[in-house]
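Structure, as structure tokens:
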Amino acid sequence: MTHWDKQSLSQVERERLLALIASRQPEHGLPRAFYHDDLVYQADLETVWRQGWLFAGHSCQIPNPGDYFLYDLDGDSVIIVRGDEGRVYAHHNVCRHRGTLICLEPTGNVKRFVCPYHQWSYGRDGKLLTWRAMPPDLDKSSLGLHPVHVQEVEGLIFISLAEHPLDFDDAYQVIASVVKPQGFTRAKIALIADYDVRANWKLVWENNRECYHCNVNHPQYIRANFDHYNSDDTTEYIARRLEAVTARSEAKWAASGLAVTHKHTGMTEFPDVENNIWYSANRTPLVEDYVSESMDGQQVAPLMGDYTDPDVGTVRVRMLPNFWNHSSCDHGVTVRLTPAGKYLTRLRMIWVVDEKAQEGVDYTLDKLLPFWQLTGEQDWALCENAQHGVDSRAYVPGPLSPYKEYNLDRWIRWYLRWLSDGISDR
Amino acid sequence: MTHWDKQSLSQVERERLLALIASRQPEHGLPRAFYHDDLVYQADLETVWRQGWLFAGHSCQIPNPGDYFLYDLDGDSVIIVRGDEGRVYAHHNVCRHRGTLICLEPTGNVKRFVCPYHQWSYGRDGKLLTWRAMPPDLDKSSLGLHPVHVQEVEGLIFISLAEHPLDFDDAYQVIASVVKPQGFTRAKIALIADYDVRANWKLVWENNRECYHCNVNHPQYIRANFDHYNSDDTTEYIARRLEAVTARSEAKWAASGLAVTHKHTGMTEFPDVENNIWYSANRTPLVEDYVSESMDGQQVAPLMGDYTDPDVGTVRVRMLPNFWNHSSCDHGVTVRLTPAGKYLTRLRMIWVVDEKAQEGVDYTLDKLLPFWQLTGEQDWALCENAQHGVDSRAYVPGPLSPYKEYNLDRWIRWYLRWLSDGISDR
Amino acid sequence: MTHWDKQSLSQVERERLLALIASRQPEHGLPRAFYHDDLVYQADLETVWRQGWLFAGHSCQIPNPGDYFLYDLDGDSVIIVRGDEGRVYAHHNVCRHRGTLICLEPTGNVKRFVCPYHQWSYGRDGKLLTWRAMPPDLDKSSLGLHPVHVQEVEGLIFISLAEHPLDFDDAYQVIASVVKPQGFTRAKIALIADYDVRANWKLVWENNRECYHCNVNHPQYIRANFDHYNSDDTTEYIARRLEAVTARSEAKWAASGLAVTHKHTGMTEFPDVENNIWYSANRTPLVEDYVSESMDGQQVAPLMGDYTDPDVGTVRVRMLPNFWNHSSCDHGVTVRLTPAGKYLTRLRMIWVVDEKAQEGVDYTLDKLLPFWQLTGEQDWALCENAQHGVDSRAYVPGPLSPYKEYNLDRWIRWYLRWLSDGISDR
């Protein structure tokens, strides 16, 4: 149980936010203030980021007891550590004595956590073990590291800073069932790349939730995927191709016990605020002759997980507010978002391959990286230009395309609901 | 017609500003808060910068249809473009769809404007031409680029972000009549130099509006000009010299059809808030044997415009809040101010010469630049020191010199009037 | 008499501060807001930094008439200058005309102060001497440089920005009596090192006011000193050693006329808010065989001041809110704190030696510096980690060690008292 002070909204502030929320015109973008107002940014942190489940990292980043990594959000530093018995713990990286950071390195292995300032020490489970120079009658048991909620799902680690986090059961089922054969529990990190994107975090999601921009901006992505076709541009020829690969995949995958395919043109509908759906996982065919999201569609690393055949399409997992993953038969690429100011989003991209794959022998980075590195960097640049645009007093939200931006509209409605619920709760 | 949201002042804020305005002691500088208060900076932007006419650039920066350059102010990015029929348009550089920047490069030539995000396209006149994936029944006509008011005056381009800009007719007449023979319409850019000056924009104008600091700080400027002499230091000898060059100039210039000379010692009186004069243009003699504001007073480039004789004195044009130009027979130097925070002013200096002049053949930068480059940089350093000084809690405005700072006093009165009118209007 | 505008607290702000002050739990650290709240930072500046006496520098930095150095705090630039008759003056570095900085270089020698903007000139004593172009009937006498209070104590210069500074008499007596034999009046600067420490200034003091962290973090310091032993870890063996060196020192020093020794284990108790003690000076033995706070305890420069024998222990002087000094027989090390934002403290370390000592002949920096350079840099890193920790929403103040953090508790009580008194006074 943590006991830190919460910021509270004044009545004037709450009314200002509610008026802003009400000012959004249906099927249009968000009004300008959502990208600029300090109060909105604070409300985003409180109602979305400190309430939702956040992807922290891959289980394979901390395979052994005592392995840890840090994840920082909005001033909070969180230690994600594997405990003695193998389960994952998350603790606030803050000594209970004078508040100093305990772990200074972003990753490492510890037997116990020893604060470098005055050497109070804590177990991997966060319990206060020793303190020098303190009176014997003081109670140690209430002074363990402040805990953070944590969930490990088939090799993916999620945390929540909320006091009472959202129920995770359904998210667990949905993600585990699709992700299990991918074998993230038997994976290793090939590369971590961090980006500072000078754009509000919402612009990054808005970019993610539509493929209207793909045809011109993502030459790599559109060669591998069907989902950039939408109801307005799915020709008979494309429809027949999609039907054919879907039929082929369904037959083959059912035999392998893989989950049902997303079969429609266009992106899967997500999120779904009416049904409280803030997570998603599915498997979709790639285009004919592509078995991996690589530059030429060929396999670029050994098969992962349970796969025995490279033709498994692509797995897509998403969780609001900070995670998505695209995985092929041979590798997966994870994106983690972290707001670092109203105009700055820290993005981490993680490439994972099978744990037995050796760099230089079984795969090379020059083949593994470019597809998603290029696609990602194309998007980050678009997001920064979008931020510059909405900086202008002349920006007014325009109409969204009903064929290509339905998920953007869904995303905005999800966001406004969480924001609205979050400020009403107080 | 643009429809963006305006920030409005609360009653408390308006009263605070009015009290500040009232606190200024006659014939003294501005109180400290005018250089520090965030509210004052916001009010400056609203009441001065978003109401007045702003110099954007020279016509010769965009000679051909489709040529454009960008001008950024306070988050707004404005495209200044030459249209098909040769007239100049100014548009907000903000897509009407999702608000992204349309032009990313600071200058260029376009057939039409195509948003790089989702490829909505607009004509040079700003009309929305094409959009992919939008329902056929949506009305394109109301979704052109937001227009910005623009005026082209004999080779100088001014814009206004105001919904209802100030009447420009008299400014047009005053400037056009003096500037026409200078031939800015047949000029070319020799050099653009950008400076980030760490001082409030008002300190830059205060520096510009007095030559009390010239004798010690501007060794180049005072060698070429008479106007640093004032009623307290115009000796009989100087008065006779000034009289002689004035008589000579009047005779000669009248014959050439050039405008009447400013004949007094000291700087021309400007601005004149009582008569609503926020623009000014005149022609003044240089000292004997100087025909150009160059290091040795000799001609450093071919004659410009209508001039057939180098002895044409110097033309001075000014417009509040962001423009001045000093031109000799052979070149002109323009300064454009842009606030970029309460402690930062972006200054652009532009050197122009005749359009047929060839660098290396007809002129060299090492002769062309130093006079105003040195004088400018001397001023920017003074402004930064002034900002450091008014940062101190110990700063209190001192008495202004009645002989040398009358224009500074006029400037302050103009500023306070615009500020006062601007906040009362709301 | 200076007349600048003071910021005043609203009733809501005052109540917020008082509630914060009241929220501190006895014998615990400060609540999180004290390190983050903008209002607290502003209140710190007003109630502590603009009320207390601030160490500016050593007298030996300005030995001759006209020598000056600048000290900047919170936007104010202060000139500390030696006047014609040898006494030290402090003036605001702000011209009474337009407010510009007068001295641009951080150190120098002037005959008179001439403002570089319009050449108003002032005597070393601050009196306005000349101004060009001003009407003869204007009164010069009220337009001298704004004075700053100054005290010179045996080679140490303190200033106060307060209109009515705290009584300095007792501080003067206490410090002068201990410091006099050290001979700072006959010293010279060996090195000045400036550090930007990314931590709130209070965290720097909290670090200074306990030696709980010394055993692990300061291997150099604990080899030379006894004061890191406290009531919980002073063994019989240590007690006997301390008794012996104290007895030896008392006998020897009494003979030399040196002040009485601090004799207890642990740090001297300081500050003492109940008795209004915000300054302190004492002399303490070093460990056996150490005569200097150097890496091996041996002398690293010629004896200073009145000393004829290296065995003089160590002198410690402190003044809240910005000064401490540790001096051995042969050199002294001064630390000056200056807040530069709620998350940034500028630290200056100054090494002084006897004025006749020649670098390379009588001392070398590689012997002189390391002891305190290392100890200082160890502390600055701890302070930055502490700031990161209290940035977390999970930080809550923990219990202080009664054996090792009694002075930290005293410091917090001093700080809260000054803060509380300062905001009630208004």
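Here the chain labels run A, B and C in written order, and each chain numbers its own residues starting at 1.
Basically, a residue touches a chain if its C-beta (ideal position, glycine included) is under 8 Å from a C-beta of that chain, and two chains touch if they have at least 3 such contacts.
Bear in mind the structure is a predicted one, so any value in this text is a computation, not a measurement.
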Seminar exercise, completed: Rounded to a multiple of 5 degrees, the Cα superposition angle from chain B to chain C is 120
Exercise. Do chain A and chain C face each other with the same patch, meaning over half of the contact numbers show up on both, or with different patches?
Worked result: different
Exercise. With chain centres defined as C-alpha means, what is the inter-centre distance between chain A and chain C in Å?
Worked result: 48
For this session: Could you check chain A for residues that touch two or more other chains and list them?
Result: none
For this session: Enumerate the contact residues on chain A facing chain B in the complex.
Result: 29, 31-33, 206, 212-213, 216-217, 230, 232-233, 382, 385-386, 388-399, 401-404
Problem set entry | Touching residues (chain side chain A, partner chain C) in the complex | 2-5, 74-77, 92-102, 104, 116-119, 132-135, 138, 143, 146, 161
